[in-house]
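Each structure below appears as structure tokens.
First subunit A sits with subunit B, and in the next complex the same chain sits with subunit C.
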Partner chain A sequence: MKSPTDPGRRRLLTSGSAALAAAGIGSVTRAVAQTPAALAAAPQAKPLPAYVSWKDAGSMIVHTPTTIETKRTAFGTSLITPADRLYIRNNLPAPDVSIVANRDAWTVAVDGVRKPRNLTVAELKTLGLDTLATVLQCSGNGRSYFPSKPSGTKWTVGAAGCVIWSGVPVRVVAEALGGVAGGMQFMTGTGGETLPAGIDPKTVIVERSVPLKAMEDALLAWEMNGEPVPHAHGGPLRLIVPGYSGVNNIKYIKRLAFTASETDAAIQRTNYRMSPPGTKGSPSFPAVWEMDAKSWINSPAPEAGPARAGWVQVTGVALGGVNAVRRVEVSLDGGKSWRDASLVGPNLGRYAWRQFVLQTQLKPGTYVMASRVTDSQGNVQVETSPDNAGGYLNSGWRSHAVTVVVA
Partner chain B sequence: MRLRCAVLLIAFLAGHAHAADDSVGKQLFTKGTTPHCAICHTLQDAGAAGQVGPSLDELKPDAERVAKAIRNGISQMPAFSDLTEQQVQAIAQYVARATGAAK
Partner chain C sequence: MKSPTDPGRRRLLTSGSAALAAAGIGSVTRAVAQTPAALAAAPQAKPLPAYVSWKDAGSMIVHTPTTIETKRTAFGTSLITPADRLYIRNNLPAPDVSIVANRDAWTVAVDGVRKPRNLTVAELKTLGLDTLATVLQCSGNGRSYFPSKPSGTKWTVGAAGCVIWSGVPVRVVAEALGGVAGGMQFMTGTGGETLPAGIDPKTVIVERSVPLKAMEDALLAWEMNGEPVPHAHGGPLRLIVPGYSGVNNIKYIKRLAFTASETDAAIQRTNYRMSPPGTKGSPSFPAVWEMDAKSWINSPAPEAGPARAGWVQVTGVALGGVNAVRRVEVSLDGGKSWRDASLVGPNLGRYAWRQFVLQTQLKPGTYVMASRVTDSQGNVQVETSPDNAGGYLNSGWRSHAVTVVVA
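Let's look at the complex of A and B:
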């Protein structure tokens, strides 16, 4: 795998493939004749911003400099999402890259334990180790499929990935510091982003509270997919809350506290709330925490053009949120009938996603393909997720169905 | 001749009014609100390079979208309920023109 910290190699690979592509196309005139649609779309593609210039540009859709998703066609079938294809969603600009110059020196303050103290990454590394595969998914993934067209980045399916983290279990850290203090009900993480002057910090600070029970499987992670957590993904240290949506997985974590109540930061109090369309978020609405059972088809992808008639492998990914995936069904007729798909590849635990495949023979025609997951508790992926003002947690199989032409 | 003068005068007044609108909107944008827009937004025309909210140069919102965001707030952006409707419109029109969303 390419190292995110080695932009030189990435540049080489990129220019190499560009040269190959140019050689393969032959002449510009021919390219125009062959791919008018692709060329028409090209001017809209935004370049990768500098802080993630090491990402594989051809695999990404750049919505804004802080919101970048993986193309459906770029997930591949190797289960783990490579760092250079993993989505980006930053609520604030990343802190200066100098924070990863000496990763072991990064300090996190741990509060709400009997013996609160600051711990460096070097010290954390002496306390314990666990490795976990989790689905990292932006709370707003799938937003573009909500009928009310909520404001915010129009994510399709690509604000998600399956990633392997290494770090120390939060539970172990708490035990080392005398255990969680009495009366605490939440685990609250605070990001180390630099806040702009002249504005109430509470309106922009990235600080999230999750129910205390989420600490059981949470990690303070310093490694991602075999390398130090890339700066853009929260290095030197990121709080991983398995089964919870992206925003709860605090990047550049500088404070981890067990608290009696939820933080009053706007990102918790009014944002990331499941409020009905047209209403404002407030603590009276459920917070965006655990992810729902969800699956989608990656191939055949409508954006890849017509599929060839004959034997087709219908593939995709399925997650169970906080539960394991038990079963995935695929429909080729818009949900009228369903067939069991096979789960393929290794099972990396209940927080990872599973790949599925349905092998089928297709005649020319147009097919509405959908997938539906059932988790280990028997929860079935919903047909339609409740529309909400923020466009969060869209997991409905119907809106995620793809229309595929087979020729 | 008289007609031509009138046309020129109208054109001048329209152009002048346009410029006046923008200066009010620009002034509000850069320092007329609390917190002021430039802390969080990038808008080259106003010399603003904020990084918290979306870059308006990239988003190119139309005036209606800007006005809605100012009145109601959106995501992390608070509602600016202290502004008069006239002030909201001045900022909205200015942003839409500065980014090229409106001519």
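Let's look at the complex of A and C:
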């Protein structure tokens, strides 16, 4: 398969971001594109950093240069999150953009198979092709709703998106190399970020292990939403582990290994562990792997100001983690009573989110609106997720409820 | 539902295109983003016009300022065509961009119902919500493959895309207004373009009638691919008639009427008619409405130069018009023999296209590759479409075959 040409606006902005800044584009964007409510919040808004200046500034909340979330009001109702509205969370700064100058030449070392070897993206493209929609969600999405106020980025709901990937199934790659070697229990991916000098690499390297079974539906992906994977999102090549939280989806993957044990990199050993508030993470606590069943309401959004009385479409998104979505209920009274919402739009598969809608008539007043998903295995979204030191995997419907004024 | 904020890069480019041009962005895009084969063709490439300068220049072929197609090499394999790679075909220049300054205030007049009235987009959003993937394809896509060389834009395969729309079903709107009035046979949409002065409006107005049955799955759409419908693609509000060719999907729709007869606008009466080569169109010839079953190969693309011998993924897209896709076959010998391809990726519904893949091993040589789709009703893509004066609806597999050199 030939690689599609790179999206110009991405490339040009890596080369031309200074020129764009000179053209005063940030301010034009903010002045023209935002809703009145967003404008009111504009004074404290941080500008997009240069490497993602091609994103839609009016749709994003910039926490830091490497942590940027999608506004609740920017998700829309068309299932797929466009690249220019997709969140960013990088554990290290991205490698130099020169790595996408020749995408097909990017090389991944495959280990822990019977015939280990290096494979270029060009070679991967000859092995097989699959296309998959997945929810990409930062492990810390929803962190700001935990009562213990864990340290880390104060994500609300926007460190998540639903994205279509194309690439080669990991299992096809493993088969082509003789199959997974005996005794392997994990799939371990290593990112291609440049590590800061003078520091023990283990303390900073982005290297994650997931249970071997996760390889079944995993992809080595070179395309996202119909374009080569943007550099900021892990291009030329990203490991996609469907149903697993963002950190397990290794960007700029340079090594894919089947291993007997988990990596001892800090990001695996002590970070991204479900340890109680106030404790340090360690391998004795569960790793942050599979996502939980979770849903939230995107509209009416409190951020958009009072909603109008009368007929209202209450909309949102629901995911089942590694399972498909079966049902979504919506409450307009803080969880006292629930009504079935409709699932609308194409079903993009078990790893994608579904969009739900409840049409209802609302009188003026204040409503606490919540949503609750049930997955195909009968698992119901929890009322409250266990608080934890890292603020990971918050999917409790109660803390995700929105208070909407209807006028 | 609250309207998501407008994509900044679109808005800013209407305000800031001069600044962008000054920043030399067109040339940066071309220099960095294109494949070697595309670079070789670069000298004759026309730049993107200012109103769509936010599109990915490296992915597009600019025929004229209002006719711009997607390169075969830019479709990728992730089903959805991103906005910045989607073709443009406007019968008239777009109305002033000020019409998207307040999208919710855009008004459409609904006639031919029991209680006709004007509805704003804000009001439409209270009535209902659906999300639908459709193939949007210019009626003249494939025109350049007709032997009679009809006049008009010389489209190859790229005046088409697969897009996700959100909006309110037309049937819900009609029901809310008392239902369609008696005796109506057609759904007639009128675009909001500014008509040139001093010309009989009937000769230029964009007003199309489709059979009444087409209303069943039609949408009044305010969102495309998760963003407000871009102005260049018909925002704030576009009529989507799934399975019908592009011209029937009215941009900036200002009037939606159920009518007893077809409009007598020239675009309906004499244009977009299936009249034989050399004849003038008239109501005695079939109108260009439903799309036919059609497929084509995107990779290997002759435009990308010789393919590499060995394992190759032959990929492409297939649509069934108003029916779902059931099967795709691929021929590597100009139609002498056929092999079943696999349908991969999420099924986005009957009006979307499917992506197909045939994995095969190729020795050096020259291959005439063709694809042929069968829809859910058993209709097989034709070998040759009837040539016609307007060069419409070309879906013949033979003329769409690609000659690929494998080295």
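What to note about this one:
Quick note on the criterion: the second predicted complex is superposed on the first by the 367 of 407 C-alpha atoms of A that agree within 3 Å, B and C clash if a C-alpha of one lies under 4 Å from a C-alpha of the other, contacts with A are read in each partner's own complex, and residues count from 1 in each chain.
The working rule: contacts are C-beta pairs under 8 Å (C-beta built on N, C-alpha and C of every residue); 3 or more make two chains touch, one makes a residue touch a chain.
As the structure is a computational prediction, the values presented were derived from the model and not from experiment.
Of the two partner chains placed by superposition, only subunit B is touched by A:151; subunit C is not. Shared-chain residue A:120: touches no atom of subunit B or subunit C. By the touch criterion stated above, A:185 is placed in contact with neither subunit B nor subunit C. Using the contact criterion defined above for the overlaid structures, shared-chain residue A:352 touches subunit C, although it does not reach subunit B.
Shared-chain residue A:132: touches subunit C; no touch with subunit B.
Of the two partner chains, subunit B is the only one touched by A:266; subunit C is not.
By the document's definition of touching, neither partner reaches A:360: not subunit B, not subunit C.
More residues of subunit A lie in touch with C than with the remaining chain of the pair subunit B and subunit C. Of the two partner chains placed by superposition, only subunit B is touched by A:91; subunit C is not.
Residue overlap on subunit A between the subunit B contacts of one complex and the subunit C contacts of the other is empty. Subunit A meets subunit B in the complex at residues 46, 64-65, 91-93, 151-152, 196-200, 203-204, 266-267, 271, 280, 390. Contacts from subunit B toward subunit A in the complex involve residues 35-36, 39-40, 50-52, 54-55, 58-59, 72-76, 78.
Listed in rising order, the residues of subunit C touching subunit A in the complex are 1-9, 11-12, 15-16, 19-20, 22-25, 28-30, 32-35, 38, 54, 56-59, 71, 73-85, 122, 125-133, 164-166, 223-228, 299-301, 304, 307-308, 310-313, 315, 344-349, 352, 355, 357, 359.
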